[in-house]
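My questions will all concern the structure given below.
We just call them A, B, C and D in the order they show up, numbering each chain from 1.
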Amino acid sequence: MPIPMEPWRTAIAHSDQTGIWLRGYDITALMARPFTDTVFLLHRGRLPGEGERQLLDAVLVGVSDHGAGAPSCAAARLAASGNRQSLSAAIAAGLLAIGDEHGGAGEGCMALIREGVEESRRDGIAIEDAAARAVERAVQSRTRLPGLGHRVHTTDPRVKVLFDLARQHGVAGDGVAFVSALERAAAGRIKTLPLNIDGALAAILHDLGFDPPAGKLIFIVGRVAGLTAEVAEEYAREKPMRIRIPVQYDGEPPRTIE
Amino acid sequence: MPIPMEPWRTAIAHSDQTGIWLRGYDITALMARPFTDTVFLLHRGRLPGEGERQLLDAVLVGVSDHGAGAPSCAAARLAASGNRQSLSAAIAAGLLAIGDEHGGAGEGCMALIREGVEESRRDGIAIEDAAARAVERAVQSRTRLPGLGHRVHTTDPRVKVLFDLARQHGVAGDGVAFVSALERAAAGRIKTLPLNIDGALAAILHDLGFDPPAGKLIFIVGRVAGLTAEVAEEYAREKPMRIRIPVQYDGEPPRTIE
Amino acid sequence: MPIPMEPWRTAIAHSDQTGIWLRGYDITALMARPFTDTVFLLHRGRLPGEGERQLLDAVLVGVSDHGAGAPSCAAARLAASGNRQSLSAAIAAGLLAIGDEHGGAGEGCMALIREGVEESRRDGIAIEDAAARAVERAVQSRTRLPGLGHRVHTTDPRVKVLFDLARQHGVAGDGVAFVSALERAAAGRIKTLPLNIDGALAAILHDLGFDPPAGKLIFIVGRVAGLTAEVAEEYAREKPMRIRIPVQYDGEPPRTIE
Amino acid sequence: MPIPMEPWRTAIAHSDQTGIWLRGYDITALMARPFTDTVFLLHRGRLPGEGERQLLDAVLVGVSDHGAGAPSCAAARLAASGNRQSLSAAIAAGLLAIGDEHGGAGEGCMALIREGVEESRRDGIAIEDAAARAVERAVQSRTRLPGLGHRVHTTDPRVKVLFDLARQHGVAGDGVAFVSALERAAAGRIKTLPLNIDGALAAILHDLGFDPPAGKLIFIVGRVAGLTAEVAEEYAREKPMRIRIPVQYDGEPPRTIE
């Protein structure tokens, strides 16, 4: 006995007798173009220009992997170690370690950029001044500035590559300007806090017209390339249950139920 | 424009104007009874007797936790380390490490028990003989017998507790008989392979009338008690991104794109 | 070449040559007691009294399930529909639908209770007045009060059961007092907003000494009982890929790449 | 008190003072190239040629999305509906619906191809004959042939695009030959079972040198492009908890606890 149900509405993809359509384009036409075009299309609703695609390529590659010890890769391998029945389960476990603290600071930085750029327009102040205000507010509220700072105090080589590409292709705009101003303002007001990959990714994605959630979502698209390779290696190279995490118990000593 | 949709059918739970019903019982009546009764009810379709409940309690407690270094606990903590926005994401990451290799061998053992018990009835042979055949088949096909064997070659204290309880409450049946025979047959034909917690859990759940998937599902119900506590401790006691897994790269040396 | 690694510290569980220990108690002793005792112990660090256990039982049963159409159950069934290789993957998918909006409002309500109770002590005002202030702040900031309000404007029968049990066992304290005052204050200042199960769960868990994250974590422990049964039913009763969600595309019409 | 731990070994990625390295290549050099090159590199250990990249592009685009009602997309949206605190949780829920039944048949098909190609070499028979044997075995064991068959009995337009591209770029090899022979043999022995996207993906990935697990893993890389867009749309366009799945209860009628 069928029940009337409101169908889910979507503007992203659909298939019918005539084929499969992504944002209105025939998927077979898109298959002749780079995958990155489709990533851009699905999120932005239009195909990228040449420079835009190269920037998105650089972002996706830049976050794809940097070592098996990162929480996302390690969680994926642990899942693969105990559960060899589902590759997707291991990849999913890896994704679950991605949040504001790991791989996801780009989202907060994109929100900060958007707020700063709007403030600059609304109040008729320079981007530089909007960035200084943002730094001041972070100091007052004792919050961290997402996109700034490294664990190891060096510059991240990926940042320069992204910004050089952005300038070369005419993609650099308010986003790059704002985070650069933020870095300078923070150096003057707090301490040297170099832009990290999350901040650079945020600036580029803002200038490509993405919304803040893309700061996490595009990271995820890139990182899945690494996670899938890590999980494939774990399956091919390591035995199940090979992982032993050393633990030290410091709780209640042995006691009996009275 | 609503579209007719076939509703999902279920015999487990529903709610309507008169209340919330689990397997036909008013949830407010069930709330006056132990949670374990509801676990039993949801899976078996009827309420347990006193002895049945105590056995299920023992199984659930027995698998709830044994240390933060197990893949399920470690994966949950890694997720909590990188992603502090979602407690359920960390618990889910922990569950994803549960498979045939970790926490899930009970499912395979329950299938083995069922097969052996059916063979015994069909061929009119003793449970002992059906177990001996199962061992022989495992030897021939060079497969492991799920539910037997420890990493450390000692007996697991939880096994005796479960079997003593099962006998005391008259719950022990074909399941306990079959895995005990399996252990003896394996000792004679292969080597000493003591029953582990997965094998004992499988025997008890079989004798309580559960189907093989319960070998994983009931483990999950019990283990979630531990995972939730582990994740609560990680949030309360540790900073994000505190986990560093040591990694050694042994792949291609530095090379340049020609 | 082993690398020195700081072991993870934990006060929850450990195992050694002498056995498996949960919060200092031998797991084999705990196996002779209700599972709910272990849930309480793992989270609170001590065993519950009789009344405390009955309250926790009532909470766990109360949130275990109320129908296969809830996001958590539906997500679990969808995962089981496409991926029959991993029971834990389906349960994990179900958990991932649990957040502030579904099953998790108890966490926010527990934080509100704690804040209100502290404010009452600090400022020497009655719980009633602290609750009135909380309502006023919600009105001013246009935020919802977690734990109040139903989609369908009726009372939830589980709330009365929980509060009656809490009073009967002397467990009802500041938590029950605060949310009851909150309900009255909201009715006077906003509109009739009956306490829902999240609010009742929050009050009880506060009075049992749990921290706010338990508002989500204990919900998860209870709901996993339902999710495991739903997934077992999906596997046993339905074919893979039987689920068809009706979708309506309202995006770009067909277009060609220029 | 640090404990010596065996580091995890990996040949995929590492970072040190000199930079970040993927399979031995400096990540900043890879950032100047298409993302698809890095996907290929991480999985295959070398960079692709021009034709190989175009084939992988076509595969990734071809599986990226085809509608919000697929289990993976629907599970992701359900998670986003109940849990708005974690974008990665919603994407992970979507991935968990990917298995042998949805999106993952490519893995089984790649195993079938590998087996058939090896059999052909070992026994000195034609690929055609090896395919005929595979069909015969499936008929005898009453199993489905992964990669063949559509729900709707039409051809999938993506298959022809992939095979045309493969031939045009000289990528088509044993994989394409085997699945084409499989399709013909099945038509003669069973019934018309057109190659589906999983079968085409499997053939192409085999001919690109990937191992069977890539049949699922590369699907996942492509599908994450769609899932991230679907989740972004759900967050931006829909309210939490908007999803209602119609359910029909057909279990025990109301009963009381005796």
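Just so we're on the same page, a residue touches a chain if its C-beta (ideal position, glycine included) is under 8 Å from a C-beta of that chain, and two chains touch if they have at least 3 such contacts.
On a predicted model such as this, the values are computed, not experimentally measured, just so you know.
Colleague: Given that chain A and chain B are copies of one sequence and touch, is their interface built from the same residue numbers on both sides (over half shared) or different ones?
Modeller: Same; most numbers are used by both chain A and chain B.
Colleague: Farthest from chain B by Cα centre, which chain is it? Let me know.
Modeller: Relative to chain B, the chain whose C-alpha centre sits farthest away is A.
Colleague: With chain centres taken as the means of their Cα atoms, state the distance from chain A to chain B in Å.
Modeller: 35
Colleague: In whole angstrom, how far does the Cα centroid of chain B sit from the Cα centroid of chain C?
Modeller: Chain centres of chain B and chain C, defined by C-alpha means, are spaced 23 Å apart.
Colleague: Considering chain D alone, which of its residues make contact with at least two other chains?
Modeller: In chain D, the residues touching two or more other chains are 1, 3, 5, 7-14, 30, 33, 67-69, 74, 83, 85-86, 88-89, 92-93, 96-99, 104, 243-249.
Colleague: So in the complex, the part of chain C that touches chain B is made up of which residues?
Modeller: 1, 3, 5, 8-15, 19-20, 22, 27-28, 30-39, 42-43, 54, 56-58, 60-62, 64-69, 74, 77, 86-89, 91-93, 95-99, 104, 107, 157-158, 161-162, 165, 211, 213-214, 216-218, 220-222, 224-226, 228-233, 235-237, 243-244, 246, 248
Colleague: Which of the residues in chain B end up touching chain D in this complex?
Modeller: It is residues 5, 7-14, 18, 21, 23-26, 29-30, 33, 45, 47, 83, 85-86, 88-89, 92, 245-257 of chain B that touch chain D.
Colleague: Where on chain D is chain C touching in the complex?
Modeller: Listed in rising order, the residues are 1-7, 67-72, 74-75, 78-79, 81-86, 89-90, 92-93, 96-104, 240-241, 243-247, 249.
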